[in-house]
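Okay, so subunit A shows up in both of these, paired with subunit B first and subunit C after.
Coming up: the complex of A and B.
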């Protein structure tokens, strides 16, 4: 094939420009920001270079709270949503009638605005002077409550956040797992059936190994997504997440940048890089674990 | 005789077991469907409830006997819902169109043309896919602020255009088109641009449509960047709009009007989804990341 250098670069120019200005340059800049001490965004000056920003962020109680919240959210929602999605997908692939309908319904949360539907969840769980809310109505059947899930105790708020997060991430997981299940070669099941293998054994010995790459992909993207949780929390608890004790790491970054407590791009940069380091570490651990357990 | 009976017993038992299993499966699936649909039902229901009667319900009712459209009128008059809507529409259309203009030629260059540094550049592009938005958003915020682009459409749109992942999807698809077509077109004296426009894009239309729909969903739901660069309600998108409504609009307690706004915001994407159900689900299965 002939070389047409100039023309190719011309075709690539817009993409390179956009990516250069809004991705590559910021990527370099964020590291510089994070080491510039005492940066002032008004005069664009700084005192010196060092790791003060990192130590400030690491000692900030709001950041520690955000890290704690994010880790709790990750540890609860990732296994829960993946397991639930697996159960639902297995159920879906075992039926014929209504299957399309169920699939369509399950996918709905994916196309809805997180902020908008979060408001509905807030209404369902909120306890006001006028009403205890629907969640408390259900609790009262079991003689419990009422609990204020939105402005109340920490674990009640964490419960709602986890609940909503699971609700939001399920469509993607169900979709991926149902297509993974559909792609398993039926011959394996037929062969197992001839041998009189029990259903549970077939699931454990055929289905799980065959879909393990997809399952693992979901775990990785689930971890990454959950570590970046932010808009779900905003939808439920409002923009002042620090006051609600429900901030996440990403929320901390944005609060440092903008809003009432904002104007500190250096702290924001340091926090963003710390988040990136955490996500990178967890993903690497995941990859190492998968080498042993995932069957390709 | 005896054998036949035992056979029937076994068969009946097996059939009963299948029925029980089916009932359990359908119950379980139905339960989750209820979990998914209930918030939607509740938001539509509440949006039709009268303000007074809603607040009078200490125990929430699951139905309403006197539906009213007043809340929808309120949603459009008390807050600038129409404005937020229009802003989101402009933002979505321009961002998606610009993205296509940027990534289609680039995908063509990677898939079809040969030039020095191609592999290196493509590897660099792929590496960019791993960069989380949170890292670059800080400098972008500063850049946009310094360029005085806060509270403008340019400031909203420009940083949202580039999308390496969609470029990658499109390049993979372009690369599947056999080389012979290209040579045949060359022999006929077709220019590269014309070949791209007349041959490649029609062949790859499904992928282009998928990428477009995914980008539209992404734009419609984007919240973080619009929140950072706009504080003037005249430039709010629906996500910021809904947050604004929650914190300041309708005097806080007017839940029915809030729910009416939520319904209005949710309807376009739900309709889009029902129209392009297969395409969207296939597209997300290939290229979605939310989750």
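Coming up: the complex of A and C.
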């Protein structure tokens, strides 16, 4: 038994070492940094231990803006992308002709280069000297606009960011949900049909419970992914996100470390720990809710 | 409710480039199922028995032909309007609902004047649960039940709307041997108590013979024979039916008829008056052999298996065409038979011997003696 234990640890060692050095140690370090007041990375000194970093971050309007942006992004994109993905997957699994074609079309964003996507969104929304962008062209048909989606009002920029996020995360969700739908045994539907179940009730009473584990997996990973959003905002609005009012929490952490106003690892650490706390809370709530509603 | 199937045919279109012809799963099936009877659809896999069940259920539409429930033409009705209850091979119980939830599920679908209150539904569910004897399991989830209990829940769910016809697809195939015996009695009892016309599909001839009022033997979509189990067994219409019914299976020999006498090899075994001379196929039921020192059919004895109530003699004969290559004769344990003998002689019981056309494999009607 003792010998077996030693062997087991030996097998685990590479993974533990790797995770320890690159995950656990930095995590602990970030936690410690977040309580060291006035830390100077050049001299590696600090004045004292306390919660000043947190109070600074929590009173920083840029951080509050970032939190607001992130929450709006999460609240809008997670339900919207999951709902749309569910709708599209159900549609996909109920058609026979051209199904493979549509499946490929819906999966394309997943394999498309980010820069190419950025270019497409430029064509759609960017106002240049020559054109107002495709979106404004369509709006002009309805005698609306033009609206500057990239440098204009806050809600327009937020709309583009949400649109982009939903568009980017949907392919993966559709992929997961179509396979989940395909794995529901056809006999359940046959049994329900014999019993005269309406289509809506079949969906609500059979399909949804059957795929609920996958659905909740997507919601949880969707929440976590949306809270960690950063690169999407950069792709759309450039690196000076604070000026664009489009910063996210991860963006704020990055700016505090390396941005033009950066060089404050303590503030960055405090913000990172706050983000961690938020994600942990939301995920816990998710899991508690799912335990009640997910079957199996 | 009697069920009438009229020239029922179902073809599936050919798939892929190589397949040339459409597949005919059910070919011109006509049968009138009498009211309140238990019917077994029997045949090897791929014979179209499950397709026939789907057609009666309404999950599939026939290519041609008609289906009547009583006087109503239900051919074009969707399953929910036919008043059928169906038990699926894997039971298809909803895993996220309790047993009670599963049984009341069909009732919750009722709309309009048939709409029931929750109390009525629960009362109804308890009624059928009592019929299949699962009253104490109503709060469980299907995953917490044994195979036999799941089977009962599936039957209860199919019965709760009081269907005009109950359909069971391979109802016993997922159960172990012991439970199978018990459950088939149970199905018989439930059918007797409710009096609902019931059709079930099976590939197991034991199962079909033991509980059915009538059996329908099918092969490649074509009905071979319909009748009471014992009648079909005693009077098979062709070699396929003779081979398919009965365990151990019938023994098959190459035979010849000459001058009103049936020969197996050189042995004149029985007289067959009025039969044209020529080659025939002879089927002899295992219980049709009588050990007899003066018997005409002399076989090489391989071994003797004692099974308590009776004894089976495994023997071989050059004219034997059984797939296993050996003859299996079942004789009474009281018979005087030596386990170490090299040869064994049999005389044959005429009513256990059937003659078939060598080419067409159809039964040759005759009176052997």
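One rule holds for everything that comes next: the second predicted complex is superposed on the first by the 273 of 296 C-alpha atoms of A that agree within 3 Å, B and C clash if a C-alpha of one lies under 4 Å from a C-alpha of the other, contacts with A are read in each partner's own complex, and residues count from 1 in each chain.
Please note the rule applied: a residue touches a chain if its C-beta (ideal position, glycine included) is under 8 Å from a C-beta of that chain, and two chains touch if they have at least 3 such contacts.
Source: prediction; values computed, not measured.
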item: When subunit B and subunit C are modelled together on subunit A, clash or fit; value: fit
item: Partner chain in contact with A:238 - subunit B first, subunit C second, else both or neither; value: first
item: Contacts of A:206 with subunit B and subunit C, given as first, second, both or neither; value: second
item: Degrees between the directions from subunit A toward subunit B and toward subunit C, using C-alpha centres, nearest 10; value: 70
item: Touched partner set for A:121, first subunit B, second subunit C, both or neither; value: first
item: First, second, both or neither for A:92, with subunit B first and subunit C second; value: first
item: Subunit A residues touched by each partner, larger count belonging to subunit B or subunit C; value: B
item: Shortest CA-CA distance between subunit B and subunit C [superposed frame, angstrom]; value: 6
item: Interface residues of subunit A shared between complexes with subunit B and subunit C; value: none
item: Interface residues, subunit C side, partner subunit A - complex; value: 57-59, 78-81, 84-86, 88-90, 92, 94-96, 105-106, 108-110, 157, 161
item: Residues of subunit A defined as touching subunit C within the complex; value: 185, 187-188, 190-198, 201, 205-206, 209-210, 212, 295-296
item: Residue ranges of subunit B in contact with subunit A within the complex; value: 22, 25-26, 28-29, 32-33, 35-37, 39-40, 42-43, 46, 55-60, 101-103, 105-106, 108-110, 113-116, 118, 121, 125, 128, 131-132, 134-143, 158-159, 161-162, 164, 167, 192, 217, 220-221, 223-224, 227-228, 238-239, 242-243, 246-247, 253, 255, 258-259, 261-262, 265-266, 269-270, 272-274, 277, 280-281, 284-285, 288-291
item: Residue ranges of subunit A in contact with subunit B within the complex; value: 1-5, 7-9, 11-12, 14-16, 18-19, 21-27, 29-30, 33, 41, 84, 87-88, 91-92, 94-95, 98, 102-117, 119-124, 128, 130-134, 137, 167-173, 175-176, 179, 218, 221-222, 224-225, 228, 230-231, 234-235, 238-239, 250, 253-254, 257-258, 265, 268-269, 272-273, 275-276, 279
